[in-house]
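Below is the structure I would like to discuss, written out as structure tokens.
For clarity, chains are labelled A, B, C, D and E in written order, and residue numbers in each chain start from 1.
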Amino acid sequence: MKIGVFICHCGENIGRTVDCPRVSKAAEWFPGVVHSVDYKYMCSDPGQNMIKDAIREKGLDAIVVGSCSPHMHEKTFRKAALDAGINPFLCEMANLREHVSWVHDDIEEATQKAIDLTRMAVEKVKRNQPLATIKVPVTKRTLVIGGGIAGIQAALDVANAGYEVVLVEKEPSIGGHMSQLSETFPTLDCSQCILTPRMVEVYQHPKIKLMTYSEVEKVEGFIGNFHVTIRQKARHIDASKCTGCGLCITKCPIRKKAFNSFEEGMAYRPAVYVPFPQAVPNIPVIDETVCTYYKNGKCGVCVKVCGREAIMFDQQDKLVTEEIGAIIMATGYKLYDISKKPDDSFIKGYGEYGYGKYKDVIDGLQFERIASASGPTSGEFKRPSDGKEPKKVVFIQCVGSRDDSKGFSYCSKICCMYTAKHAMLYKHKVHDGEAYVFYMDIRSGGKMYEEFVRRAIEEDGVKYVRGRVSKVYEQNGKYIVKGEDTIAGMPVEIEADMVVLATAMIAQENASTLAQTVGIPYDKYGFFNEAHPKLRPIESTTGGIFLAGACQSPKDIPESVAMASAAAAKTMVLFGSDMLEREPVVARVNELLCGGCFYCRKVCPYSAIEVREIKDRNGVVIKEVAYVNDGLCQGCGTCTATCPSKSVELMGFTNEQIFAQIAAL
Amino acid sequence: MENNLKAGYFPGCSQTGTAREYDLSLRSVAEKLGTELTDVDDWNCCGATSAHVTNHTLANALAMRNIVQAEKQGLTEMVAPCAACYNRLIVSQHETQIHPELKKEIEAILDSKIENPVQVMNIVELFTKIGADKVKQAVVKDLKELNAACYYGCLLLRPSDITHFDDAEQPTSMEELIKLTGAKPVEWNFKVECCGAAHSIARKDIVVDLSKKILDDAVAHGANVMVVACPMCHTNLDMRQKAIKKEYPEHKEIPVLYLTELIGLALGMDEKELGINLHTVKFELKKETA
Amino acid sequence: MDELRNHVKEMLANGTVAAVIGYKEAGSPMRTKPVIITAPEEAILLVFNEYCLNNLAVYLTKARVKNLARVNGTIKKLGIVAKPCDVHAVIALIQESQLKREDVYIISFNCNGVVKDYGETLTGETIASKCLHCDARQPLYHDKVFGELKDLPASPDEELAKIKSFDDMTSQERFEYFKNEFDKCIKCYACRAACPMCYCTQCITDKTIPRWVESSAHGRGNFSWNLIRAFHLSARCVGCGECERACPMDIPLSLINRKMLEVAKNDFAYLSGRNLETPTLVGSFDVKDKEEFIL
Amino acid sequence: MTEEKWEPKVVAFVCNWCTYTGADLAGTSRLKYPANMKMIRVMCSGGIDPVFIIKAFERGADGVLISGCHPGDCHYNAGNFHARRRWTMFHQLLEYLGIDKNRLQFSWVSASEGKKFVDVVSKVVNDVRELGPFKGYKELNSEFTAVVNGLKQEVNKAEAVNG
Amino acid sequence: MTTHTSTHASTIADEIAEKTFQDVSLCYQCGKCSAGCPVRYYMDVAPNKIVRFIQLGFYEEALKSSTPWLCAGCQTCSTRCPQEFDLAKFMDAVRELALEKGVKVKEQDILKFHKAFLHQIENFGRAYEVGLVAEYKLKTMHLFDDVDSAPGMIMKGKLKLLPHVIKGRKAVKDIFIKTAEKKQTKK
């Protein structure tokens, strides 16, 4: 093997403390080195040409460049090697700048270390193997999980670009939390009015396959090549026959057995129902847990009234598999149920505010429903306990947010804004009413946000009190709210008619289970982790899986929508080529030697190790061995260190290469 | 009777004086329920509020001496019926467990090793340990005439991450217990509000105000008796009603019973046996006419 | 004993198992050796007593034994007579995908201890040291179990005391001690052959490209071999002690294996081969694992 | 080589994403540390085989440093968690067999901890310097050589005697 | 108000941290403690402000306030604090420091009560209520408060005329001496 060594001065950067000519002289004597030079700037065009010419003229098989960190210029020199006709993975670097000249002062010491590092690189490169980039085909279909505003936006963007989309939503209708909202900040436009057209667009889009009342059960494969299993839960309605006339819903005799979750428990729904009138698709669902038919086989009123024979009591869950190239996670959030503490600890959360005990102590989404024109009170302000108009309403912020003791350390980000909106909506409808907001800080960064909060205070006369409330208790039909104004330094007690708690936004139910199913990491709160907090906020660390909206952290509508469009753009980047190229730094198993203990499989962070059966001529399985899926392997090498019989190697970092480096010390 | 409970008993100073009836009723009820209480040998005052507000080392040392005494006696469980004593003991035990340097310091002062095997219980936990079934079986008198406001006060439940006992804001364990006697618990607001405790003597004015608020709320929610589990609460709520009456002549008096007294009544003991006659606000069950 | 023989006979006769690995008498009633029974009438040879020292689980991974289970293209069960401590090895092998639980038929005994060496009567003096800290005298997994528990002759756990005594030595003293022990090693690999957990197709020490362990029997090669052997068995070793019993040079391998058992127990509350449900220590992790030794 | 001239030889196995990059940062920040340590880059601390460490000692290293990303920061999510378990077992085994714990040290150094990298390297080099050359391991082989030489002499003598 | 500097500042915050095992910077001044404090109305300064004073180094303001002395130690604040800051324990430390630094305590009666109480324990091992009340009354000159209830209580056996002296009296006295010594050496 003919090896060339190229030592770079990096101007003065290396040359000042490392005697570069001496290093290149020393390298001449290393076994296998046939050419060794030093030059002012190896990364410059003349420098690169020097390398290319040497490769061609001297017939070099491999090169070592002694210059800066490989993180800086490995790509540059590998490209040069490729241009000159040798495999780019037969190029190694010795880091003489960051690890030598910049950190040592003594020229003698530095030069000696530079020689050692160069020798190690030479010994390594001798054992390098030519590697070919790995190519995998891409299925150009996107799976969007979650049909809230983020999922809707992402699905529409991808579909409008001409790619097929499968949109999976676990509820019977898409729309998410946004469909529950009354008006939205900071413009106070009606949430339903801007959302419903989008929902219909999704339904009618020829490129979108909408699967409501469905959940993702299994995800296999890797970027560009996912195989996804989806469970379509039984609606007990034949969707192909149902016209959405709603006769079954109006005739269903079960009226007061099940709470309406869309109305946040402030109303009832029948056993056969659509979550809300504008639901998409407008196909009802039969709730087995309350329907009389499932109790005793009787009733069947819906069957009688349905002119289309669409009721199917014996319908079963169905498993559907889809071939997918990219996945967008848009599973959203849920509100922290403050009647319970998140862990299984003995202490329950916020007993001091009496949520769950007093009917008129409600959370933010319940308030949205009361304020909504389509809500249980048709938009009139009536308190849940006695239907009277509340004349004094207290809003408490940061309930469960910024609370290490009973909730979560993070700020839920949207509560300052929606509380201002709530107070404003209330004041707009109840002119003689009083609204108090207890806050700790007002966080209103965003276009027109601070102006919005000021409007609530200046124009609508909402009173802001800086301090956390300690206790809410009931006395003669009023709720005594005990607080402290920390600015005045005075205790404050307010006799309120209704109390609204801005409870924390937390990760969706079972978010961590879904993350495990899909194979992406999540943080301690259950929010999905982005690949890099600043530079890769849309991607998960798993290739081909992107994040949109509040599943990543608390977000408001414009942020969720922006993120959804960004995720859609990311999938289109992926779909821009037919084949995916990957660095060939992946693990390889020697199947002859593999003993089949599968420790590699246990430690692999990417589930990239598969089981392969070795059969004899008669097709009888002799043994099972490990096999690396190139698409999934990210090249960490944890398997190689774990393997007891050393039957798995990481390409580019083989044990032989490392031993050679150690031996060259 | 089989499965009889054996537990150590840390009476606390009040039980030898102002709260004599608490001690009396606890001992009689325990005996009736077949529970064997062993007094901690030569116990000393837990230091109460006065110690920990002025010198934390002293406070921990005083409390831990009792734990060590119990330890030497081989006790594994110990009931401290006074909520304040309970709080001091369990907090000191916790502190020495999690702060090794503090433990060393206290060990040096006490000249004794701290092993901490003793589990300190409050009075409600004692009854839980005895068992609801056992209490229920022993009830001979239905106390349905009582609408009771259960008052936990501050120190029975706090700090909740150390006591690990019931919900710190909306507790229900005492209610569950008194339901066994037929008494009806009322839902009210100030189960865990503070009565002023240690300020009983030095700032009577504060205690009068705070106690009045608590008593009024109980009455407003339909209570005809209050149930407490702490001699300090009892002093403030019962004894101070005279002073409250002086300050607020319209004040409506309400009797205040120790939890043990109420259970004692249900077990068929009479007021005198339980020391209820020693209270400031008089209390007597209706005489049965049958 | 008759129970065992009758049971094995029946299992072989009705085809439940293809073969049974067990013990038979070897020249004296105070000595046994392994035997593989394939015909029902051979079951009469089987014995079980305090001289059943071998850990027969080692045979389960051998190709020749596995072949016995392959009858007409289907896989039948292999029977094994296993002391409760040997069952740990079977379990560990199942956890390491070397066997399937349904492919092995475990015949075990409530164990009353075994002797250190053949020909001795079982007393507190002669009992094998692993029996002194046994945590499972009743098999944790079995398909059939015989025998009744009796009191075990008691004796102090000298092995552990010896390990503890190393704490008081300086590193140099310890190094010196083990160097001298390892110097005796002749690289016969009897330890490896006797170990039920050493089932690799090719052992790391036999690999030549690159060479992992210096193969000459000099100090450095010996040290490396013994170090790597010990590490590869850390948290996998079930503590059967067969390696030490097999060692012709009397290197106290149990002192090392036991130490690593203690480490796994203390740091991770883990014992190898005890529970099919718990993930193996190697191959799993806890975010809260200790790390005070890391800067 | 005389005792005075001896300089400790330390090998570091570091992960590509955190510690190697942290060392790069130490460089770009122009921080100084002893030149005794040489680094071998692997992709993840999870890929560092304990045999590398043994090999390093065999090849004359006086000390070894292993370093990777902080728990939770692993570029590969979990590589360092597996590594941590492996190290917990391995360092206790080495210590038990008489290799001073300062000869093999572990650290978490993130890509932003250039300063910490310098502190760690300086500490390890100093610790190893205090322990002196790793004679124990180095002489494992020399004794063998001595025995062989001794045997040779015996043979020679015998041959000489036998003519 | 005079200008405040926080030069020797860190010492008191540090001492508090040492006594309570917690850092005052935990407090983000939400005021929930003050909001729920049962004795808030009697205090001259809100409890959260005492923490603020210490955070900013305004030690004098903190130590001379009546607030720590009026704190009943009910731990309502500690239980509800979103930052898990144990304010009750913090108040203990502030009082302790006020005594150590010789700050004039506003609530003299409360201090005298505590001193009288501890005096009883030091001497007898347990609280001796008659002695306590007598000593307290002599010290505060509130001679005729509560005299109405005392005879009744004696009759009921609630107030014993003679103290109970425990066997380990010396051990308890030792505790007092040792903890006092510790304070001395610290200074």
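To be clear about the criterion, a residue touches a chain if its C-beta (ideal position, glycine included) is under 8 Å from a C-beta of that chain, and two chains touch if they have at least 3 such contacts.
Fair warning: this is a prediction, and the values are worked out from it, not measured in the lab.
**Q** Chains in contact with subunit A and with subunit C: which ones?
**A** Chains touching both subunit A and subunit C: D.
**Q** Going only through chains that touch each other, what is the minimum step count from subunit B to subunit D?
**A** Counted as steps through touching chains, the separation is 2.
**Q** Just to be sure I understand: the centre of a chain is the mean of its C-alpha atoms, right? Then which chain's centre is nearest the mean of all of them?
**A** Minimum centroid-to-centroid distance belongs to A.
**Q** Quick check for the class: compute each chain's Cα centroid; which one is farthest from the centroid of subunit E?
**A** Chain centre farthest from subunit E's centre: C.
**Q** With chain centres defined as mean CA positions, report which chain is farthest from subunit D.
**A** B
**Q** Any chance you could check whether A-D or A-B wins on number of contacting C-beta pairs?
**A** Between the chain pairs A-D and A-B, A-D carries more contacts.
**Q** Using mean CA coordinates as chain centres, what's the subunit D-subunit E distance in Å?
**A** Comparing mean C-alpha positions, subunit E is 57 Å from subunit D.
**Q** For subunit B and subunit E, let me know how many angstrom lie between their CA-based centres, rounded off.
**A** 22
**Q** How many Å are there between the centre of subunit C and the centre of subunit E, using C-alpha atoms for each centre?
**A** Whole-Å distance between the two chain centres: 64.
**Q** When the centre of a chain is set as the mean of its C-alpha atoms, what distance in Å lies between subunit B and subunit C?
**A** Spacing between the chain centres: roughly 58 Å.
**Q** Which subunit B residues sit where two or more other chains touch them?
**A** Expected reply: 160, 168-169.
**Q** Residues of subunit C touching 2+ other chains?
**A** As it turns out, subunit C has residues touching two or more other chains at 204, 212, 282-284.
**Q** Among all residues of subunit E, which ones touch two or more of the remaining chains?
**A** Counting only residues that touch two or more other chains, subunit E contributes 76.
**Q** Every pair of chains that touch: which are they?
**A** All chain pairs meeting the touch criterion are A-B, A-C, A-D, A-E, B-E, C-D.
**Q** Please output the residues of subunit B touching subunit A within their complex, sorted ascending.
**A** For this pair, the touching residues of subunit B are 160-161, 164, 166-170, 189-190, 217, 220.
**Q** Given the complex with subunit B, which residues does subunit A contribute to the contact?
**A** 346-348, 350-352, 354, 357, 473-475
**Q** Which residues of subunit E touch subunit B in their complex?
**A** So the residues of subunit E in touch with subunit B come to 19-21, 38-39, 42, 70-76, 78-79, 86, 91-93, 95-96, 99, 107, 109-110, 112-115, 117-118, 120-121, 125-127, 129, 133, 136, 140, 145-146, 148-149, 153, 156-160, 164, 166-168, 171-172, 174-176, 178-179, 182-183.
**Q** Using the touch definition up top, name the residues of subunit A that touch subunit E in the complex.
**A** Its residues touching subunit E are 352, 398, 402-407, 440, 466-471, 482-486, 489-492.
**Q** Any idea which subunit D residues touch subunit C in the complex?
**A** Contacts found on subunit D: 50-51, 54, 58, 71-72, 78, 81-82, 84-101, 105-108, 120, 123, 136-137, 139-141, 143-145.
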